[in-house]
Every structure is written in structure tokens, then in C-alpha cells.
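Heads up, there are several structures right after this.
Common to both upcoming complexes is chain A, partnered first by chain B, then by chain C.
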Partner chain A sequence: MSQNIAPPPTIDSKFILPFMNATRNVFHKMAGVATTIGKPYLKTDAANTACEVCGIIGFTGQITGSVMISFSESAAQKLVEAFAGVKLAITDPDFADAVGELANMVAGSAKKDLGALASISVPSVVIGKGYIVAMNRNVPCLVIPCSSPLGDFAVEVSIKRNPGD
Partner chain B sequence: MTFNAEEIYQIASTIWEATIGLQIQPDSQDALASIGNRPRSTAACIQITGAWNGAILLDCPVEFARKAASIMFSCDVASVTTADLQDAVAELVNMIGGNFKALLPETCFLSLPAAVEGGDYSTRIPGSTMLGRVPLSCEGIAMSISVLEKTQERTIAA
Partner chain C sequence: MKFLLIDDSRTMRNIQKKVLSAIPGTEFAEANDGLEALCVIAATPGGFDLMIVDWNMPIMDGLTMVKKVRETDKKTLMIMATTEAEKSRVLDAIRAGVNNYVVKPFTPEGLLEKVNQTLAKAKAAA
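Let's turn to the complex of A and B:
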């Protein structure tokens, strides 16, 4: 009897390096923060940890999916302060704008090197405690852990190339 | 684009009936306040790029998401996982986005949906303005669908 076993999810390795480089460059140039990139790993439901501040950007076109930058509240406050040049309360609308802009810059910068025609959407920013963000389960999600002197954060890449494109 | 709450309601009504067999009714704007007051809620967002740029956001309490997931995935309400209910609301907002796209000028593209579940969070779409928020009720549970349109770039004050 044959069994239909779904193949393990895979992600094109060509999609990862642009996000690593973009993260390093954006945080260095825009926030003056040196970022150390850790070893990427595949996200599973079990590793779906709660986050406190995250910026999500959608990709459309030859590539579809989402990219999320997630921070602890403390890391987000310090990194946003370094980016905006001013301390912003987490409730300040400019705080969410800054998080969205960081996500936008990382996604926009990476997009140039993905080798495909794609558009990025307006960012969504979620702020709070004990919430879980889920992206499409049909697209594998690779987590790129990042550390910086101002706090750790992660870039989660969940994109795929559309068939035929 | 011009926001038309009736069109959003019609889209949602068709999707709710077709996919989960539940009816929805328009609700009052006062009901919107109760959505954020629930102990746990879910939000699903889908973004649109192209000739029109913006996002659709579905906000609903967890009890609705749980019920929708149990119907969608043919399982018991008690056995619905967080991932299931996130998938259910993501699928609903995906279908809303797909139908909404038909109202937009050519050519627009949908992103993949993202869903949030939790007890104490807020969702913002920076760089966009709210065109409208449609309050709905499904079996007495209040929920809403928001349409946001991308605006001009904003500079963060330094």
C-alpha cells in the first residue's frame, strides 16, 4: 500500500542570502548597529514563539509570501531609537511607523537581489504581548536569528517562487 | 478608490455562506469597540499591490475563529489548534482579498495572508489610511473587515 507522504518543505537557498545582507546593511546604515547573523533554521509550529513587536511585509509577483522581523519589546525600543534618532514610546504611532519602515527597508533591499520581479506591500506592524503570528503553512519559513548590541531579533522569510515565473 | 461598505458586506456574506455555511449580518459601528475587548482575538491581513496598494484586515474573536476552523477542517471545536484557527481566518481574508481584487483596477496582486492570535496586541498598517471598517455579526459574535489604502511616504520625525 502506498502512502502519500508530503515532502519536507524546502526553501530556495538563493532567497536567504539577500535577506542576510539586507538585514546587516539596513541596520548598519540606518541605525548604526552592527548585526551578527546566526545560523538560519526552518520554523516549525512547535517553534512558533510569541513575539512582542513585529513588522510583516508581503511579497507579490514572481515571488509570493511574507517576511517578518520580530523583536522583543526592549530590543525594538532600542533599535527604533537608534533608527529614528529619538526615543519613542511603544504606543506612539511613529514607533509602529519606524518598525514598519525597518521591515520595508530590509524587504526592499533584499528584493533587488532575489533575481525575480516582485513587489512589496505596505507593512503590517503588530505590537503586544503573548501573541503568535502565523504565515502561510504551505510556504516554508526560514528564521534568520540576528543579534546586535542593542538586542536580538529575527528575520523570518516565508517566500516562494511562483510556478512558471 | 471609493470605499463601499455594502460591497464588502456582500463579499463577506457570500464567502461565509459558501465556505463555512454561516450567515453574517451588518452590525452597528458601536459593536466595533467590543471586538478589542475580548480576552483573545485573531486578526488576519492580506496585502494588495499593483494598480492599487493597500490591505484588508479581518478582526474577530477567537471563539469565531475556532468555530470557523472546526467547520472548515471538519473537526471538533475542542480539538482546533491555534494553527488551525489562524489558517481559518487567513483563508477567509484570502478569499475576501481575492473578491475585493476584482473590484480594483487592473492589474493587482495579492500577497499571502498572515494571521495573528493573542490576548493583548494591536495591529497597525503604517503608511496607510483606513478607507473604512465594516462591522459584522456572525451568530452574535462581532467582527470587522477593514480596508486600508497606502498613502504617501511619511518621514519619521527625528
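Let's turn to the complex of A and C:
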């Protein structure tokens, strides 16, 4: 008896460049920081063991899913300080606000180049050690590693174009 | 000159304040969303000279707020400052009644230029 096995989900390659460009643009204009983009790879483990801060933006419309920017605490503090212009403790509500706004701008800036209509959510921010952000199992997550003079971070893209749109 | 900064991100409002403080004689009020902005406007005698409005905000978004303001106020200058950069979105904002549009991310110089451009155009038209 034969079984119909669905092919593994793949990420649309047209999604990658907008997020790379958006990341460079946002961190350059808003934080004055040059970002080097590394080689993207597919995420196979939901745990973000090296990350302690992340900003998450949801996508709805012709494109659905979510995008996350993940940082170590040290990188987040330095990049937030460069963006906000003031040093903020990780427990300060303005710290989470700044992380959320960075994620908002990366997602929003990439959105216009995705070739489809979509809306983005207000950001959610997670701070802590050893968290797991469970994305949609049917949508692969592409990790775009980024490095800067103030620390490394990653942009994790887990979005798909809806069939028929 | 009285500015109203409307954005659900306090970080963004602080950045805008810092940049626009370069304009002499500026005073700032702030709102976290469109509904709060309408309350601030109603409670401010004489209103504002210019508002900078974010689009995506909880409770009431910026586009809705712009439309509500323009029901009774055709004069106050409004600049939409948002990540929404698609042509259709820009046209929606212009049709709603904004005077100018700045896309996030922006440089401090870019924001200041848009504000000065908006103020100069209004002065020339007066």
C-alpha cells in the first residue's frame, strides 16, 4: 500500500532578501550600527538557548506567520542603548518597548518588499533565559544571523504565502 | 510651537522629541494611541501646530485618528511616521488628510527635514 507523503515545507526564497535589507537599514538608520548579515540556515531546534531577549511580530493577510529578532542580554542592552540614546536596565519597561520597536521596524520595513499584502501585529517581547518560542510546525523557520560592533543577534523568519493569494 | 507625538512606543516618541527639539521654541505633548490623542487634543486649548502620527497602534490606529481629526479640523498639520511604506498605504494616508509622510526607519536628519518641509509649505500657503 503506498502512502502519500507531503514534501517538507520550504521557505520562499523571495522572503530572505527583504529581511536582510530591512535589518541593515533599521540598525543603520535608527541605531547608527553597521550590521553584517551571515549565511541563513533553517532552524531545527525551537529552543533559543543563546538568546535572552526577543521581539516577535505576527503577520496576517496574504502572508502569515511570525518574525522574531533574538539577542543575548548583552547585545540587546548595547543595541537598545544605541537606538534609544539612553542606557536601560533589562527590567525597565522602556527596554522591552525599544526591543519591540526594533522588531516592528524590521518586520514593517521588509513587508513592503514581500510581494504580497499583509498586516503586522503590535510587537510582543520575551525576556528571560531558556525560553522556547513555538512557531507554526508547518512553516519552516529561517534564521538570519547578524553581527554588529555592539553584539550579535538573529532575525528568525517563519512566514508563508497563503495558497490562492 | 506645539507638537503632539502619537506613537505606542515611548522609545520612538523620545527619539522624535530629541530630534525635533532642534527646532527653536518647541513644546511637546504625547499620546500612546489614537484615542488618547483625541483626548489630548480635546483637552489642549488652542490645539497643536503639528502632529506626528504612527499608523499601527492598539485601541485606535493612526489612520482612523487622522480621519476623525479631519472631520472638524482641516488645518492642523499632520505627518504620518510609520513602517507602512506600500504606495497604497501612502495614498490612503494622503486621502485621509495627512500633510506629509515619513517611513520608519528614518535618520534624525530625515525626520527633521520632513517636519521643516511641512512647516515651510504651510507657511508659504498661508
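As a working rule, the second predicted complex is superposed on the first by the 155 of 165 C-alpha atoms of A that agree within 3 Å, B and C clash if a C-alpha of one lies under 4 Å from a C-alpha of the other, contacts with A are read in each partner's own complex, and residues count from 1 in each chain.
The criterion applied here is as follows: a contact is a pair of C-beta atoms (placed from the backbone, for glycine too) under 8 Å apart; a residue touches a chain by one contact, two chains touch by 3 or more.
Everything numeric in this text was worked out from a predicted model, so none of it was measured.
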Which superposed partner A:V125 touches (first chain B, second chain C, both, neither): first
Partner chain in contact with A:I56 - chain B first, chain C second, else both or neither: first
First, second, both or neither for A:V133, with chain B first and chain C second: first
Partner chain in contact with A:M68 - chain B first, chain C second, else both or neither: first
Partner contacting more residues of chain A (chain B vs chain C): B
Touching partner for A:A84 - first (chain B), second (chain C), both, neither: both
Chain B versus chain C as contact partner of A:A98, first or second or both or neither: both
Common interface positions of chain A, toward chain B and toward chain C: 83-86, 94, 97-98, 100-101, 104, 120, 122
Chain A-touching residues of chain B, taken from the complex the two chains share: 43, 45-50, 53-55, 57, 82-83, 86-87, 90, 109-128, 148, 150, 154, 156-158
Partner chain B, residues of chain A touching it in the complex: 45, 48, 50, 56, 58-61, 64-66, 68, 83-86, 93-94, 96-101, 104, 119-137, 139, 158
Residue ranges of chain A in contact with chain C within the complex: 25-26, 28-30, 83-86, 94, 97-98, 100-101, 104-105, 107-109, 111-112, 117, 120, 122
In the complex, chain C residues that touch chain A: 8-12, 14-15, 18, 56-58, 82-86, 103-107, 110
